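In order of appearance the chains are A, B and C, and numbering begins at 1 in each one.
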Amino acid sequence: MVATDTTMVQVTGVAKTFVMHLRGGAALPVLRGVSFEVHAGECVVLDGPSGVGKSCLLKMIFGNYRIDAGSILVREGQQWTDVARASPRDVLRLRQSVLGYVSQFLRTIPRVGALDVVTHSARDNGLEAATARARAADLLARLAIPERLWQLPPATFSGGEQQRINIARGFVATHPVLLLDEPTASLDQTNRAAVIEFIRHRKRAGTALIGIFHDEDVKRQVADRSIDISRFRA
Amino acid sequence: MSGGEGALLTAAGLTKLYGARIGCMDVSLELHAGEVLAVVGESGSGKSTLLALLATQLRPTRGRIRYRMRDGVVRDLFALAEAERRFLLRTDWGFVHQDARLGLRMGVSAGGNVGERLMAVGWRNYGRIRGEALDWLTRVEIDGERIDDLPTTFSGGMRQRLQIAKNMVTAPRLVFMDEPTGGLDVSVQARLLDLMRGLVADHALAVVIVTHDLAVARLLSHRLLVMRHGRVIETGLTDQVLDDPREPYTQLLVSADLRG
Amino acid sequence: MTGGISYNFAYLDEQSKRSIRRAILKAVAIPGYQVPFPSREMPMPYGWGTGGVQVTASILGPHDVLKVIDQGADDTTNAVSIRQFFARTAGVRTTTDTGAASIIQTRHRLPEAPLAEGQIVVYQVPIPEPLRFLEPRESETRQMHALEDYGLMHVKLYEDIARHGHIATAYAYPVMVEDRYLMDPSPTPKFDNPKMHMSPALQLFGAGREQRIYALPPYTRVVSLDFDDHPFARTRFEKPCALCGARDSYLDEVIIDDAGGRMFVCSDTDYCEGRRAQAAAAGGAP
């Protein structure tokens, strides 16, 4: 059910309920009937109070959380892949070439330096080594990560620095769909401005962005549309 | 993911019974080149039995395993002649043991250990064998100066890396690992895991890794198989199974993991 | 035999000989392959050549001429004992002359004189398995032979070169027989290995304690293991034999006094004597 040629993500009737077996099987319904679509070149913001399920929804689109009902169609080249029904290999392939994700928490891999972390992300996306490295270095510089930190593993960085590594990792590749979960949360004014610029740049390049932003100012500057997720509260 | 071709390894209905006792029951899985599959579970879950079956160290009571050979032909592993199987084990496959003493010849030098597979497949030039051994020692971050030293003089982490070099020298396409980080210090584990990630990425290795450590599974694997009492409880994308576990046992396992 | 005990011809009963001959036939049919055989109790302890003695006892006929050497010499205790043993239990003619013998039982050396068709060499073997010191499990070594899985042997040679700069194995140097079986030529010096290759004689190997027999039929290919860049090299001696002047025989070092004086003489006593006799007959001519 493709709406237009520019639709990149189509969410239809998606529902999610957590069953906590450790609490005697208590069911925690989160979302139901979530439907919306996102087009190339636009930034759609997921709105709503804390705990309503915005992060959860983003994770479902990324294939990190399971989907209990409905479908999430993602454009992959000339065809569509339903994340709800995709095999693990399909999801991994999507993540490599289509879906990018800037998470709230940086899962650090021991021993790999910050520059390498970002470079790997670019290489996974298909860039060849030298270009990947150059792009990674550029992003780190623009996010004001001092060069002396580039060889160090981010595990020892401050929260804000880690967040900037996360952002660099998400933006260094050229995924057609980019999911952003509170990308500016621990950042100061300057770095926030840098991220806003990245987002604008990607929009101009035709990327479809879906984001969660707490900062009203940032939201205003990047959002093309807002979707109130509390409409879909289960 | 490198795909396009069929699966590298396909297991169907693998079952191992010891009389009435279940080693593992009805396990089916598929593995493609460049994929890392982690098999997790507690002691007695059957994960080591499954690994032994997949690596044809044990014969299944029921079930089949098919493998795509280097020439592209898919063969039933238990229908292979013993000689063919051993050749496979020595060239196209690798096996990294938890205890390095099982995977190394402790009385043979590091260089001799790494060169053994090459000599087994007919390499007859000492200089070239030694050169290749030195190359791989360097790649697993073992100082080349240690090439003539015995593994008994190596630390635990070094022995594991030597095991890896020993296996990798014939460019295997499939590597089995049995708790490779068991008993190692955390920093040593980190180094080993990082090495493995690099090798998987650089050589499009397919890996089946048995571990009780969820952090290792999360770091290395694309997909996960959770086992309990010989059965597969849950399977899927690693981050999905660990972040959104569905089965009660999986939820228990994930919640019990100290590092989260 | 007068009075006392009378032995069956060559000591062993005919049934025992039969089963040993069967093993020998099988060994000859599969050159280099170790055939298990039921080793009998012999009137000498293990480690003193019981394997070789059983093989000889099984193939000996009343018209055979037997030579027995130990480290090349006919006159050491062991050689003398075994020779007398067969003289007593079989009544066969014995000799020290290599050329005149139809059966030559030997411990750890091959005679220098080239052998002829119709001659049989019987080697005494302590450990028949060439891989034993690398792989202690019999179950494993049998698999390795069955599957031609011999990489480990080259590992041993590799280790030699890594440790000593050259292949240090000086005796019991492993060989490949007919490109198929890896064989231990018994603890003869590697100097003798080339003589085993394409020999006109039948070569039989007996290990009594380990209960194995193996064989090299006449004109069998026997190739010593090596590396392309470290080829098998025969031992070269700096000096000729002090007694007969031979330059092409294996020399023993003999200490002649308390001051550390030494001389090098042929290990093969018959060969040395023969050469000296020839030189004397020629009246000392050059």
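Just so we're on the same page, a contact is a pair of C-beta atoms (placed from the backbone, for glycine too) under 8 Å apart; a residue touches a chain by one contact, two chains touch by 3 or more.
Computed from a predicted model, the values in this text were never measured in an experiment.
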Task = Specify the chain most distant from subunit B by Cα centroid.
result = C
Remark   = By Cα-centroid distance to the whole-protein Cα centroid, the innermost chain is B
Remark   = Taking each chain's mean CA coordinate, subunit A and subunit B are separated, in whole Å, by 32
Remark   = Per the C-alpha centroid definition, the whole-Å distance linking subunit A and subunit C comes out as 78
Remark   = CA centroids of subunit B and subunit C: separation to the nearest Å works out as 47
Query = Of all residues in subunit B, which touch subunit A in the complex?
reply = 1, 3, 32, 35, 187, 190-191, 193-194, 197, 218-219, 222-223, 236-237, 239-240, 243-244, 246-248, 251-252, 255
Request  = Spell out the part of subunit B that touches subunit C in their complex, as residue ranges.
outcome  = 82-83, 86, 90, 105, 108-109, 111-112, 115-117, 119-121, 124-127, 129-130, 147-148
Key: Residues on subunit C engaged by subunit B in the complex (per definition of touch)   = 134, 143, 146-152, 154-155, 158-159, 161-163, 227-230
Request  = Can you check the complex and tell me which residues of subunit A touch subunit B?
outcome  = 18-22, 25, 59, 63-66, 88-89, 91-93, 96, 107, 109-112
